[in-house]
Amino acid sequence: MFSIELVVLSTLLAGVLAYIVSIKLPKLGSYLTILASLAVFSVLAYFGFNNNLDAEVNLIPQFVLFKTSMFGLYFAIIVSFIFFMVSFFNPYFIKDYKYPAAYNLFYLMALAGTIGVFFASNFITLFIFFEIVVWTSMFLIPLGKKRKPTVTYFVFSTVGSFAMLYAVMFTFSITGSFDLAAISVLSGKSALLVYILLAVAGFAKLGAYPFYVWLPKVLGKSPDPVSAVFSGGIEKLGAFIAFMAILRISPASIYLEAVGMYLQNYVIAIFGAITIVVGTLQAIRQDDAKKLLAYSSASNGGYILVAIAMSSSISLTGAMYHILAHALASTAAFLAIAVVHYRTKTTKISELGGMIHHMPLTYMVYLMAIISMAGIPPMGGFISKWLIFQAVINKQMIIVAVATFFGSIGSFLYVFRPLAALFLGQKLPKYKGVKEAPFLMMIPLIILTLGSFYIGVIPNQVIDFSNKVIAEFGFGPLLMNEFGIQGANGTLSAPIIASVFGLGVVVIAIIFFILPKSRKVGLMDTYTSGEFIYTEELLHYSADFYAPFERLYPAKPLISKVYAMIKEKVNELGRFFKYWFFTNKPEVTVLWIVLILTLLVWGDIL
Amino acid sequence: MKKVLSLLVVLALGFGIINSLNQNSSFPKFGEADVSDRVSDRYINKNVTEENEEVIFGEDGYETGSSNFVTSIVANYRSFDTLGEVTVLFISAFGVALLFSKDSKRVSLNFKPNFMLRVGSRALFGLIIMTGIYISVHGHLTPGGGFPGGTMIASSILLLYLSNDSFRTKIKGFKLLEGFMGSLYVLIGVAGIYVTGYFLENFLDTGVVGDLFSAGIIPIVYVIIGLKVGSEIASIIDNFLTEEVS
Amino acid sequence: MNPVLLIAIPLLFAFLSIMNKKFARPLLLVALLLDVYLVFTISKGLYSIGGFSQYGINLLVDQYSLIGLMVVNVVFFLTVVTNCKEVKRLSTVLLVALAGVNGLLLTNDLFNLFVFLEIVGISAYLITSGNKRPLATFNYLVQGTVGSGLYLLGLILLYSMTGTLNMALILPTIVDKAIPLSNLALPFMLMFIGLGVEAKLLPFNSWVKGVLQNANALTSVLIAGVFATTIALTFGRLLSTVFVLGSISNIVLVILAVTMLAGEVAAFASKRIREVLLFSAIAQSGLIILLFANGLVIPAIMLIIANIVSKYILFTITGKMVDGTKTDEIESLQGVFSKNKLVGFAFTVASLSVIGLPLFFGFIVKLNILTSLFSQYQLFLSALILVVSLIEGTYFVKLLIKLWYSVGEVKTFKVDALVKVVTLIFALGLIVFGVYTKPLTDSLMTVPEEMMEAIAERGNF
């Protein structure tokens, strides 16, 4: 037996310890983060799989209460695993941070917070840990070079958490209970309000439309390990909330016969679809590899939403699967970019090229990650997308189906961009001495890739687990046998697909090795119209990569203009109040007093 | 235009307040207030702590022996408020000194007192200060009391200021007096706690209504107030008169 | 011990202090120490002044005033101790202010309250005169005078209707005489506006900007921390035990809600650190009074405590920072905390607590406020509170990030060890109460009951 509270508390304590150690020895402190997150992951995984986690122990008095559920456990294991994987990168990046000790502290506090969220048994506990995650992870962001994303993140996260708080309190005012189950008791309009508010909370945290604008800012500008943790771990809190909102609340609503689902679910699915499309379109035109992955994170969040909204066994399994597959793949991708960033100090695709020659392993990791993200076998992303497509087609949701397919094809476009231009492409002279990732960084890269590959070939364990999870929401298990998953209109046999794929790779490899080698040429060998080129950067392979495509739509998301406008309006209102009420003239105040009194006595007279 | 507008607004408010009070059934009309159910009734008949129908001049044994019932309210029933008001005056006087002494040097008067002023003020000084002290001392018997008495004392000192430039140097004495009187007031209050258990309790014998030596601590308090107010206003005068005009 | 000593001792010392200027500061410190000691030894009950039971002036010590006295006296003491240099010639004023503050918290008499309001007001004007912004002080003076004049007018009207000034008797008398609520609207509104000026409520608070945007550490903590808390508690007692808002409650609620919104929005639009903090203080006081007006005494007191502690930290550090760097533009203060980490830590904790993030006391307060509001089913109001606290959080986070991370040159400032220690202790206190609040919530439990007790007893002994 191991108590959850002990896990959370000891993680917090480990954070404090890491802080104290890091004041003098930041590097040692960052090794502590590896150990601590390993401990958290292994405890959760070991005791969790054996159903041995104890939620009863109550070391902290007051209202912090935990419970165990397969649903929470699934998320907790994934997120703690991501934190553990990313922590391997901490020792290398720690010296770049302005406040290394604070980084180690907040890293572990954020981990503790996420665990707390997943095992919370009432909404107050959930909210407390949710907010802890918000503010601790918020302070991780400015440790990079940019300060502004911190505020953006705070605003969007807080919109989400306040929406949740309002929903929680509203539920409390009606049912008199903070219990997680209380939301299921609601009905009618109040249920609808809570549903919307919780959906907003989930959307904000997951970075779905229209809240997705924080993702590129935060993920693009944070320190690299932080981006990875956000994309693979913290973002998943949104999915967690969305699951609860969509599946546990049943507001009275219109049933749409055509797609066989309730209106509110359909709206969520549409928003998910918009997120997919917008995220994909924006990702395609990004020059910064991290921003690109950030938009891709947003669009993958859209898939999860679509899957949850459809609420069937197959779609929910797809959602659960996608959460895992995306966590593994996007973390791997972010970490691969982090390696490049660490070695070359840039993440701009147009400034890089030919990295495959310097870091082949990182290249392989990235390649596998994007294969998974694009939903190509034999990686985990393929199975989740297959499940989601099955569900969408089964529900005959044409618009959503178009969006999901569009997203899938679009993802080829955007993941290919860094692949082609950053890793492949022309080798730039200035990165001559760049080396492969250091040993410690390779560990998580390899583990993540193998994990991604494993769940793509043998889905049985994950589906077993997710069957238990969806059973908690009252859905029947997804059928499967040793080699296949039973879909609505077909069976998917992942191992067979994988072996076909493997065969193909072998064939191509044979051809590759048999054929004569191509001649290697330097960058300066390029010439055009008989002229040698001296400003090679301009003609770089990846400059204006998708130029024709990019002309089709604006670079800045429209919605960010709306947000800028809201900010400006608040500012204007502030200046208005300052001008009318905070003058240096006491007579203005007296005038106000006289006016209010006159109003009052006038009301008396009438 | 602005002034006319503001006048109109204020008039409207004034009219509104008067009108609303006229219509207010709970607000007594002028001269029709029923005193019997108010605390003032008890103050007038001195029956707050004891049963008492009517106060008779020349008798003894009342809870406060002051024949002037305004004084009995000011210096006994609500003496704490008076202490507060004295403090308000004190802190204002101190504030004047604080603000004036900040950046500017003190200067002597910018006019020379002539013969008439010097002689006249000396003649008047005694009269005024005597009246002031009389009013302060008889505060519990006749209208007046510490505040007007103190102001009179201060005005006599104003005369000295105007007529005698060197008088200003003795201002230190007033600070001492002011501080001492204030402390004495508080100490009398504190003494009440230890004599009878209540702060500012009238712990002396209240005597015969109408006698000079009656009403317990009331005359003492009033003399203290008189001297304190006098010295405070004097120091305010001093500050104003000697401020450098820049 | 008799609580009147809390007022008498500083007054006595104030009178003594003008005899010899040398002793003024030591006397101030001794008076503060004595008061802090006394606060923890006085016992609950009604204390008569002069022995005239409910017909004279009484001091009321219940859980409510006791908590207020403890908080205010301790913070007052620490403020003076940590700003010894700035006290200079203000010692006498501060002594009187201390007496006034204690009087406001203790008194159970409406007119006596006015007297102490005047004392506190005049000492506040004098304290702000140290900013060397005569115009701002003058504004404050004019507005404060108008405010107390209105309070007095309202008081007179109320007296002429009820015939008593005893706060514990007003409500029973209103019931006895069956005075209709509409008749009470005018006096209550006058008193509300009168106190509203001091409590920084919106249309009546233009003095705050001039006074606080130029204030040093001493002045700002006293005005925004100590005095604000005292006024809020006084206001709270009147709102919960004397005022029957009735027909004016709509006007009052609108004023309070707009105060809250305007404060936060104006802070959002400000570029100077002191301006940000002062507008935030305005919003907070709007929220506090709003809670009192809704009868939520316990959350209001919690907010008051959280507020004074965090305001102490924020304003003290800001004051020292502005002193040291000679600027209060946020843009030119960037990165100052990178050289003063401990101070920065305290400042950060205080701001996070004000925002209401978990692990800090402010979070518990926010949760309490919302739970109470929702149990009254106040959907609109709680939504408004959430919206303004989002705005608040935004500018505080922006401020924190700027103060921790520099672009270019970093200015430095020196802070005494004492200030560091006190602010750190306060910051740790915010964290401890943020995690473990039981002792506090337990001691607050009885406050509303005890407040009503004096009324039920009709001010008798």
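For reference, chains read A, B and C in written order, and residue numbers begin at 1 within each chain.
Assume contacts are C-beta pairs under 8 Å (C-beta built on N, C-alpha and C of every residue); 3 or more make two chains touch, one makes a residue touch a chain.
Since the structure is predicted, the reported quantities are computational estimates derived from the model, not experimental observations.
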Quiz prompt | Chain pair showing more contacts of the two, A-B and A-C | solution = A-C
Quiz item: Of the chains present, which has its C-alpha mean closest to the combined C-alpha mean?
Solution: C
Quiz item: Distance from the CA centroid of subunit B to that of subunit C, rounded to the nearest Å?
Solution: 31
Quiz item: When the C-alpha atoms of subunit A and subunit B are each averaged to a single point, how far apart are the two points in Å?
Solution: 75
Self-check item: Whole-Å gap between the CA centroids of subunit A and subunit C
Solution: 44
Quiz item: Among the residues of subunit C, which are close enough to touch at least two other chains?
Solution: 186
Practice problem: Check each residue of subunit B and list the ones that touch at least two other chains. | Solution: 17, 20
Quiz item: Can you list the residues of subunit A that touch 2 or more other chains?
Solution: 597, 601, 604
Exercise. Show which residues of subunit B lie in contact with subunit C when the two form their complex.
Key: 17, 20-21, 24-28, 33, 37-40, 42-43, 48-49, 76-81, 83-85, 87-88, 90-92, 94-95, 98-99, 175-176, 178-183, 185-187, 189-190, 192-193, 196-202
Self-check item: In the complex with subunit A, residue positions of subunit B that touch it
Solution: 6, 9-10, 12-13, 16-17, 19-20, 23
Quiz item: Mind pulling up the subunit C residues that touch subunit B in the complex?
Solution: 2, 4-5, 8, 11-12, 14-19, 47-53, 55-57, 89-90, 92-93, 96, 99-100, 103, 111-112, 115-116, 118-119, 122-123, 125-126, 129, 157, 160-161, 163-165, 177, 179-180, 183-184, 186
Exercise. Spell out the residues on subunit C that touch subunit A in their complex, using ranges where they run on.
Key: 135-136, 138-139, 142-143, 146, 150, 182, 185-186, 189-190, 193, 197, 202-210, 248, 251, 255, 262, 265-270, 338, 352, 357-359, 363, 367, 370-371, 373-375, 377, 379, 382-383, 386-387, 389-391, 393-394, 397-398, 401-402, 404-405, 435-438
Quiz item: Any idea which subunit A residues touch subunit C in the complex?
Solution: 60-62, 98-99, 124, 127-129, 131-132, 134-135, 138, 142, 147, 150-151, 154-155, 158-159, 162, 165-166, 169-170, 172-173, 570-575, 577-578, 581-586, 588-590, 592-593, 596-597, 599-601, 604
